[in-house]
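Same chain, two partners: chain A is paired with chain B first, then with chain C.
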Partner chain A sequence: MNFYKLLKYDLKNGFRVGGLKLMIIILMTLAFCLDFYLRKDIVYMVDPLTPPGTWMDYLFYIFAGIKEYTPSITEEFIFPIKWILIHLFILYSTLYYPHRDLSSLGLNVLVRTKGRLAWWLSKSIWNISYVLTCYISIFLTIIIFCLVANEPISLEITPMFVNDLLDAGSPFDTFPSYLASIILLMPMFISIVLNLVQMTLGLFIKPLYSFGMMAVILLASAYFLNPFFIGNYAMPIRSEYVIENGLQATTGVMLSALIMTLAFLIGSFYFKRYDILAEE
Partner chain B sequence: MTIIELKNVSKKIRGVTVIDDISMTLSSDRVAGLRGINGSGKTMLMRLISGLILPTGGTIKIDDKLLGKEITFPESIGILLENPAFLDSYSGFQNLKMLASIRDQIDDDQINQTLKFVGLNEESAKKKYKKYSLGMKQRLGIAGAIMEQPDIVILDEPTNSLDTSGVELVKEIVRHEKERGAVVIIACHDADILDELADEIYYLEEGSLVKTTREVKQA
Partner chain C sequence: MTSTFKQLLKVELAKALKNKFFITTLIIALLFALFSAWYMIDLYFYSLRGLSRMGGNQMIQALSLFNHWIGGEATSLGFTLFFTLMPLIAALPYGWSYFIENKSGYVKTVVTRSAKTEYFLAKYIATFISGGLVILIPLLINFIVVACFIPAVTPSTMYTMYHSVYHGSLWSQSYYTNPVWFVILYLILDFIFAGLFATMSLTVSLFVKNRIAVILVPFFLILVLHYSRTFLAYKYYYEISPLNYLHSTPIINPANVWIIIGQGLLFFILTFGLTMRLGGKRELL
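Let's look at the complex of A and B:
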């Protein structure tokens, strides 16, 4: 009963704090949708035979990431702006709440809860809920954009867009429906993992530094196609269904689940002995 | 009857000793005063008793239960540590209601009564916290600490930002809490206030207990 009340407090208070940031995520999504819509017209020169972009095409465009980068004189590294902006902004949105709560009303809430584990669990559930809400907001925003722009709300991926607009360099002409699940779930899942890791790191170092570390992980993931940089799994363009020798989602899920579990356990263990001091 | 027992309690933070080998016993119906200059360890000691930080040496027992092992926090405690902090966009009443919802021991009427007791009238209680003056914030902080009639009341510099009437109110509150049977621990820069309120005063210097004055009022 006590935990339920704590969780209710965190959900209410955490979402109140993050409400404005959710609006920014929605605006960012709208801007990316508009970008995709206009780019289609530019690339295909307003050809009436150009197929419409489906809901999944829009989603793929936003979360695709970049294809594997091979350093060379001729190929420059293209910064995955949309992908990194979305991930970093969600990370920033969850960055300060646990810390600020402890130097605000949360301090009094904590001594009323009788358990530090409950506090950590509640903050972790809030963190996951907030990230999920961000993604649901993105999905709904794209649906609304598709409705307004008269684009089909479908899970179909239009193959010609994958190479023409996403520059995936894919050898495949068709994409299995399984790829739609990867586009829909993997960026969200990796985002949850990164946000939890960031929250745990925030116990050891200043929140801003933990945010910086997450940014480095994301950038390294964009630069190196390596199964150990988990940001790679949040880039559906690097999936085995898009490129040959691409990454397997199952490996990503297992690795992420392991990291998420470790982050939660380390956090709960460390928070048991964590000194709650005044904010510096 | 609540008994707080500290035995050889020490605390190091980043290699610096902030509390050094302190032993004391505090019990119900008593007001313990903490005196010392800034950085002498008063707030750290209060955080230790609150369970917010854990000792690196020694033990703290609340009613024979080892703090940090058998219990994470004292089972019934109200705290006002340094500056009170609440949610800016909520009213004074809403802040206390949110806080009270965790234990669910008191209703809206009791919250309102406490607000009245600390000198925040109905109009002030409805005001958003961000519009509160420093004195009002302090009063709300005190209300948050005492509203559930906890067994242990910790007040760190409760007279900060308060005018003369506010200081008198703090004195009344401390006496009331003592009569109710709570252990009251109060840190205050004003020596006269401590002399008037405390049954015993603990003098802290660089984290060490240098002197204890018992039964101040009768001395």
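Let's look at the complex of A and C:
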């Protein structure tokens, strides 16, 4: 079986296994949009007019994360539920298929594949494609919600929402257009990295424990504002354009590229000697 | 209770508490709990040094064991990991067992020797206990470790800012009069809910054919319940999320005894009712 046939097989089967989960992601996005829409109404209740939220505002609300937490006995740490929920659900969506394909019918495909590297590469491409599809679904769902709710579809960020609704504690009054690209790309990029790392870790430990490790990384990233906790880059609220001690997206991209390369290489080397019969 | 059931329960309990998943998950949960203990003990001595440097009121009743153990503090990363991942930690040791036993055909060898209802009842009890224990043991160990360093001073209402247990909070009277009893009550509550989280996986395994989903679906259901709080913001001021009300001091909203009883009963009726009803009717042979 050549590589293109294998990739076609993975894309077809992987998306079939994850189809229902994509629907759930769409439903979750709709709930987040409704939440933002209603919250705006409550927060600006006394204003004569509720300000409209742009497409980018909705996206920012979903992927914002939380502002830096300063540990104190008088201030509780509240984890960012929307951010955790969406990232963990995408991680869960890609967890099952590669693992399932190492048993049953998938083993026959692996035997017919010329070299294990092709199998690993195909799974990695499927993984990236699936995460990209999840994000495209989120983007499209927000567009549809904006159309239905009569909200403007634009890349503008409404400055008043950043502190009033996202509680960012930002000292800035305006936000550059770079921030829109960070909101659009960084959560997606970090999600791809985490999903690939999870797939690689799944070769060394049980997939459920690998999912657990990703959950720990995400929670630790929410807790610490630290450039080495990769989840920080998936929180646009911690960008240098929002807070003074914020993180640079370029550092995040470089760190992510390094981790992604390492995850792929370690996975492919280890998979060459991986005992697939033990998995069966 | 027949002799077969007693035997079955013994076997199930042994399998639930002596498997590698129980041990591994317990070690992970213990690490979270000890991480919290280490951080809070360090914070206590740091605060103590600061207070002694300043002189004056040493605020003895503000800093106590009861707001430094993992159930009383909401500050450390250990607390965050332990309480956020509680539904996952509870389900990992034995929530998957029916799914595996059904897949491997082990169930058939059991139901030919005993009634199906007995098998599912024993399975439910063992799953409940394994989930409860994997949460209870780290909580207890954390409490004991923190107690070795921080005195168990009875909290005072003068320092509610440090204790976060206000008038109207669940069992607040016990907290300011008999805090050890308050902690025991919360340990029992956490044991029960952790057991219920674990049995959710058992119930889910009657519907899905994927081991990962068996463990993760209940976790996501609890996260969705936690998120649904957001729609009640500015409208309802009691805690509806178990991830928050299982922590002994309120994180955002105070806990309400009727919500806890209601949710607990709902979880029990759904998990026990569905497991016994569907399991009892299921064609296993």
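FYI, the second predicted complex is superposed on the first by the 270 of 280 C-alpha atoms of A that agree within 3 Å, B and C clash if a C-alpha of one lies under 4 Å from a C-alpha of the other, contacts with A are read in each partner's own complex, and residues count from 1 in each chain.
Methods note: a contact is a pair of C-beta atoms (placed from the backbone, for glycine too) under 8 Å apart; a residue touches a chain by one contact, two chains touch by 3 or more.
Source: prediction; values computed, not measured.
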Following superposition onto chain A, is the placement of chain B relative to chain C best described as a clash or a fit? fit
Could you look at A:Phe211 and tell me whether it touches chain B, chain C, both or neither (first, second, both, neither)? second
Considering only the touch criterion stated at the top, classify A:Asp275 as touching first (chain B), second (chain C), both, or neither. first
Scan A:Leu110 for contacts with chain B and chain C and give back first, second, both or neither. first
Of the two partners chain B and chain C, more of chain A gets touched by chain C
Overlaying both structures gives a minimum C-alpha distance between chain B and chain C, in Å, of 11
Which residues form the common part of the chain A surface touched by chain B and by chain C? none
Would you pull the chain B residues touching chain A in the complex into a rising list? 13, 43, 47, 50-54, 71-75, 77, 79, 81-82, 85-87, 89, 95, 98-99, 101-104, 144
Chain C partner contacts - residues on chain A that touch it in the complex: 31, 35, 38-39, 42, 71-79, 81-82, 84-85, 88-89, 92, 95-96, 99-100, 207-209, 211-212, 215-216, 219-220, 222-224
Applying the document's contact rule, which stretches of chain A touch chain B when the two form their complex? 1-2, 5-6, 8-9, 12-13, 16, 103-105, 107-116, 273, 275-278
Of all residues in chain C, which touch chain A in the complex? 24, 28, 43, 47, 63, 67, 73-77, 79-81, 84-85, 88, 92, 161-162, 164, 210-213, 215-216, 220, 223-224, 226-227, 230-231, 233-234, 251-252
